[in-house]
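For reference, chains read A, B, C, D and E in written order, and residue numbers begin at 1 within each chain.
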Amino acid sequence: MRKLDRLSIGGLVCLAVLVVFALGSLVGAGGDPDAIVGPRLQPPGPGWWLGTDNLGRSVLPRVMEGVGTTLLLSSVAVLVTAALSATFGIIAGYRGGYLNELVMRLVEVLYSFPAIVLAILVAAVLGPGQTAALASIVLVTIPLMTRLVRAAAVAVSQRDYVTSAVISGAGLPRVLGRHVLPNVAGTIAVQGTYALSVGIAVEGGLSFLGFGVQPPQASLGVLIQQGGTYMIAAPWLILGPGVVLVAAILAINVVGDGLRDRLEPRETRSLT
Amino acid sequence: MRLLMWWSGRALSSAATLLGVSVLIFTAVRLMPGGFAETVLGPFATAEQKAELAARYGLDQPVFMQYGHWLAAVAGGDFGISMISRQPVGAELLARLPVTGELTVLAVVASALVGVPLGVLTAVRARPGGGGAAGRLLSGLGVSVPEFVLGSLVVFVFSRYALGLQVGTWVPFTRDPAANLATMVLPAAVLSVFAISVTARTTRDAVLGVLVEPYVTAAVGRGESPWFIVRHHILRNAAAPVVTLLGTITAYLLGGALIVEHVFNLPGVGSYIVQAVGRRDYAVVQAGVLLAAAVFIVMNVLIDLLVGVLDPRLGVLAGRRS
Amino acid sequence: MSLLTVRNLVIDYAGTRALDGADLEVAQGETVGLVGESGSGKSTLGSAVGRLLPRAARRSEGEVVVAGEPVFDLPADRLRRLRRKHLGFVFQDPIASLDPTMRVGDQLRLVLGRGADVGFHLGRVKLDDPRVMRAYPHQLSGGMAQRVAIAMAMATGPELLVADEPTAALDSQVREEVLNVVFSLAAAAGTSILWLSHDLPAVARRCDRVAVMYGGRVVETGPAREVLGNPAHPYTAALAGSAPAAAAHGVRLEPVRGRPPVLTGPSPGCAFAPRCPFAEERCEHERPEPVRVGEQDVLCHRAPRRIPATEPPNGVRP
Amino acid sequence: SDQPNPTGYLATADQSLPVGGTLNLAVHIDSGAATGYDPQLADVATTWQLLSLSYETLVTVGPDFSIQPMLAEKWDTPDPKTYVFHLRDGVTFSNGREMTADDVVGSLKRLLASKSVWRGQLGPVKSVTKDGDRAVKVTLNEPYTPFLAALANIPAAVLPMKEIDDKSVDPAKTLLGTGPYVVENHRQDVSWTFKRNDKYWAKGKPAAEAVNVTIAPEEAARIAALQNGSAALATLGNVDSATMLAGAKNVQVVTQATTDFYYLMLNTQAPSSKFADPRVRQAVAIALDPKQIADVALGGKGRPTAITPAGLPGACDPAALPSSSKSVDEAKKLLADAGAQNLTFTLSIFSTEPAPAVAQVIQQNLQQAGITVKIEQLDEASWSGKVYGKAPAEFDAALSWFAGYADPGMVTKWWNPETAGFNVGFMKPDKELNTLIDAAGKEPAGAARDKALAAVCAKADTDAQMIPLVTRPATIAFRTDALSPSLYATEGYGNVLRLIADARVKKTQ
Amino acid sequence: MSRAGDCGVILELDDVTVTFAAGPPLRRIHLDAMRHVSLSVAEGETLGLVGESGSGKTTTSRVALGLQRPASGTVRFDGRPFPKRRRELAGRMQAVLQHPHWSLNPRMRVGQSVAEPLDVLGRPAGDAVTEMLEHVGLEASFASRYPHELSGGQRQRVSIARALVTRPRFIVFDEAVSALDVSVQVQILNLIKDLQAEYGFSALFISHDLGAVRYVADRIAVMRKGEIVETADTATFYTAPAHEYSKQLLEAL
């Protein structure tokens, strides 16, 4: 077994810092994220270390709150997606037949909807807010992951070790959980990090349309959406959340890759 | 014969999917809060005005009747008329499809041309020690920069400093191909950043899987150069998931390259559908979603065919080993 | 001058020592069988000849010289030239070692270069059916696929063919056919063969010389008949006597006692010592040096004394 | 142009520049009415603005909100209930037919017979008749001061009634007016192309040969079009656009004040309304700080207003409203008296900026009085559905804005749900307030009217079912090297393109 | 020294036919992988199954394991047809499958793989795993390795350890020792014999290596093109094969 490479450890450290940062906001470090503390659109300075936004709120506590909101929302969403995709994909891939047809058709129907239409529909049913955002992210990310997990599961199901387990009398949960799942985990990990990025993007877009996180709560999507508008006039508005977002996604991707490489005990050879 | 069977099976399941999509979208748009009348007639409309409007578009009939009429019309190639522009939806979609189509094709070509080599490189260079880190970081960066931020930045910078490429004015390809390309390059580039990253990551994953195959070791043993092995043995064998992904991205973009269409003000399908959703222009939403679904399904069929061509073991035409 | 020289090669995987100072020579035109218990390091040694080891493998000592070139110290391009000009490899799983997405004919053409006579090369491995050329690997039987792999390995006329259990996945009839092809082709082209196998009798039947591996070292080499018929190393003797095929019905064979060693570092003495019926005190902590016994080179402290004929180490009859 | 602009103007077109050229505009939204192009049924400013290129009214508003001649050369008011309009000679529709008194009479009658919102704004019209071939007489049932101002807006435009009556023209599908431009092409939500109306009655107008309007919903796209010169003028949505475009060469950003204003709706009709008690509503009104809303949410570009839009002559002073002089403590006391100390409610808003900004400042304001506001952002359609879709409506509170029009009395009508209609679902009619509104409508302009209006303002403020907040600024940017436009400093009908016929295109670029 | 018939019959295949559909939908070829195969394995007996590649040996084993439903004919395990719920058979049958490359879950350590059948039964693994590994000639330290860290032969031995660990009543060995060197082969074959003596399990031993089959099998069945052409006592078979094909096979030995 290999150790995590240095890049991935860097990613982990980065994530840990972000989590601490987000937790800081819970204990009120950095100040009240909603309070109007100064003039509008001030560059960083004492009292507002990352500047103020278009309502004269300090950006620092908002970024802190935003990190927490976004990380929580998208990671919960991706966990749900991963859980559902894994369940459906694996069962469909392992069982085949009817069940497979059904799952694949459902996924296809879902996939045929443009993401934003889907999101609006969900929000319409659930009402705007975090639940709607969560459900939308899940619905948008579920189809691709389910497809890929299923494809991987089909291949894994034909392996002899699965047959051996069946012969040993292993029940369905064990076969799927101990044998199929770990061997499609690579796919889930790669797709999971991808879904996480999509999730953050969807969250931003939804908030922009008003279906996501409701003001004044901050999320990275909201902050960046706003910051994007003021990119030239007040670059500090996008800089803080932007750097944090890029760092978060990069870290997640890198850690995801690293974990996958580590989880996947396979031989590597060089081409030279 | 085998092909025929396959095609007919495929056509049947595609029809089922389309039917499912149509039912779903039809019910869904009607479940959305805020009706067409309120949105379009505005707050001052009286009840009778609303009723008149509903009658004009048949919205006063029971939903399943509406659905039946609509389905019959669609089957005859009539997608209804937009309640906003009062123009046929089919014609408008057809007019907008080339914009989104061109954008998508450019973006997908770009992601194939950049993402695949990047993915191959990061995989071939991948070493437990952490080599290929630059490529990994790069592709990570791509997925983490939101489209609207990148789009806005590009639009702003290119328009302020007159960097040679026109933004914000769309020119039909038929009128001036060169000018058209000049306006499409930037949005396509912005659109492709995400696609490139995802392609690169998927490629890396697929190539890593192929690298350990015995036939690769055999090729190394024959003294082939890495480049040669990549070109002749790895690309094709790693292609299936990458092609699946590219196909999916294509379908996905066709259905909704809307942020880029918005920021660059391109009259494409994505913005059409979203505007229609915003105004509850039912006919447009229904037709748009159905079109997206059809494109998606066709794309899927093409992917399956292509994957079969690329890997004879997986293809629809592959027989069992005798 | 010998074509292949492996000198004191030490290869480690994370936590496992696969080769612990292996020595091997293969002369021009010679066929050498490399036999040994599973896990003794045959595949590792075979891969090391072409520097085809997985990334997890580390060479800490020793060298491999092929046609005068130090394999482990060559820059990438010279290494590739060496592989191309001097080496050929055939692996255990025949179908997996062919590119599944390419027709057999195309694969051969890729190796041979444009305009080559693919039919001729397939004919050499007795695949005359024109359908083979158009087939994909998964449409071939194991034996056919292995012959294609051999044709590809032999296409460039290598001086040394390394075959790692090329017939283990095939059934007994096909096995013979394939081996016949390999050996007759090699004989015709003057190619040396390094054949890794665990089938001692088969090796003895076909090879000029046999090298026996144990615990990551080559413990005995010599002419095939000598090694098999008159083993100098106790391990060889044990191995030679334990073939089930050799036993009569109802007779219980006694395998070599104990378990094969798993090395994590250099073995302090003779790796076989714990299982050796003749082990002496020094075997435990003194690494044996090669000794010449008759026509064999042996790594055994008591080799010069030979194995007593009266003391059959195997085949204890009830 | 270096000389200062005359009062009432943000810019005046340099008449010394040559005429001709193509004028490229970028606006954020297309006209999008289910009713098509029919100006009488148009009820939003963005539609008025585009239709105003082709349609004209009898009278128009000047920079100071005075009523100016347009298709009527002059008019007499023999008594406060009678108006006689003398039509301008030589006015033709763009199909070449001369405009007649029949067209005017027919248009007004058609409007009065329609279900248009504007029908109500015209006031108590009794009859419209031809007064000879070149004049039209309108008689009212009672005096109605905003009458001329109401006539000055696009829904009161003069239509080609002959063609409409013989059905050769459907105004919902064809634009056929007397205005300076003729539509050549329109692609919904993409673009408009207008060509100069060569038979336009005003000498030397319009100056530009053609007008192209690009619809660009995204602000970034409009800014880009301005920067790269593909648009000479663009409407912008962000109050900070000037800062963003600072440093862009040859781009000038101006803020046009409007009479439009934001207001807060407190639903008193919902079965378990939190705002049934007027003391609760008053507490909210007191706790609101319109000054801060204007300064923070609108970047100082808006101004506090009463229900008569600030900026219109005769509008009342928002500082004089009862709620303005009270302190937060009084609001808390009112809440306590009403037993609503821990008032929590949801504020439904649509997501178009700056509504969310306004809402967040409101949230901060009300927090001072211990009121918790939850903001619920919806897309416009869902918002409309929620606010206007049902009676009684189900929301707690909602935020929107009114077009303020050109007379301080016009918008006050919306405070009477029985005339307004749209707010019956959430607003209780207040008899007293309705009487005051009607009285102010009859009062001729002057000190007495100002007093009557002030009474309306104060009453509406205490009633506090719809609380006016701040005026809504419009931001316009244009290229000084491509265009010399004329723009009013304050707009009543949200028509940025009002003086488009005067604009001069600078050919040298 | 055949033990067949001594006690009850553990596995019985009666007139079993298995048909695979292969090829394109319309031009489907129906291929009989097994044709009217009848055979039985007695308690404590080892039946050797030999035959050329593609003759249907693996298919027979799949039928015997209840993984493949026959097109016709009956299969009885322990006197009863296969139960609906596979769990009821847990720990009573095991198999060593043909492909060493995919016989072990790459994500599980060797120790976990070997312990799994015990886990299924809810029995504590205890020392059984290391003990079993040692039986098949692997050091206890192998328990913590992943399959890719093993040589081909080592992997095969892990599969065997896994199959034997629950002391099942019936085991299928499909080419279980072909990839092993002779000394380990003998060790494994002896192990099978010893455990059989101790626990009395039955085995279906598939191999194309007639030598190994002779060493462990009590009886031998010869398959060709889906049919059983000869069944005989090992001794009889090796000394006096009845069928022409059997003679051919023996000559190649």
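Simple rule for what comes next: a contact is a pair of C-beta atoms (placed from the backbone, for glycine too) under 8 Å apart; a residue touches a chain by one contact, two chains touch by 3 or more.
As the structure is a computational prediction, the values presented were derived from the model and not from experiment.
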Quiz item: Chains in contact with chain A and with chain C: which ones?
Solution: B, E
Exercise. Go through A-D and B-D and name the pair with more C-beta contacts between its chains.
Key: B-D
Quiz prompt | Centroid-based (C-alpha) most distant chain relative to chain E | solution = D
Quiz item: Which integer distance in Å separates the CA centroid of chain B from that of chain D?
Solution: 40
Exercise. Compute the distance, rounded to whole Å, between the mean C-alpha positions of chain A and chain E.
Key: 47
Exercise. Let me have the rounded angstrom distance from the C-alpha centre of chain A over to the C-alpha centre of chain B, please.
Key: 21
Exercise. Report, in whole Å, the distance between the mean C-alpha point of chain D and the mean C-alpha point of chain E.
Key: 87
Quiz item: Residues of chain B touching 2+ other chains?
Solution: 32-33, 127-128, 152, 156, 217, 220, 319, 322
Self-check item: Of all residues in chain C, the ones touching two or more other chains
Solution: 52, 55-56, 79-80, 93
Practice problem: Would you give the residues of chain A that are in contact with at least 2 other chains, written as numbers and ranges? | Solution: 120, 124, 208, 229, 232, 266-270, 272
Self-check item: Residue ranges of chain B in contact with chain A within the complex
Solution: 13, 16-17, 20-21, 24-25, 28, 31-33, 124, 126-130, 133, 136-137, 139-141, 143-149, 152-153, 156, 194, 198, 201-202, 205, 208, 211-212, 216-217, 220, 226, 229-230, 241, 244, 248, 251-252, 255-256, 258-259, 270, 273-274, 277, 285, 288-289, 292-293, 296-297, 300
Quiz item: Which positions of chain D touch chain B when the two form their complex?
Solution: 26, 32-36, 43-44, 115, 117, 173, 187-190, 214, 216-218, 220-228, 230-231, 248, 378-389, 420-422
Self-check item: Complex contacts: residues of chain E adjacent to chain A
Solution: 65, 67, 86-95, 97-99, 102-108, 113, 116-117, 120-121, 146-149, 159, 162-163, 166
Self-check item: In the complex with chain D, residue positions of chain A that touch it
Solution: 34-36, 40-41, 54-56, 120, 124, 127-129, 208-211, 214-216, 229-230, 232-234
Practice problem: Could you pull out which chain A residues touch chain C in their complex? | Solution: 267-270, 272
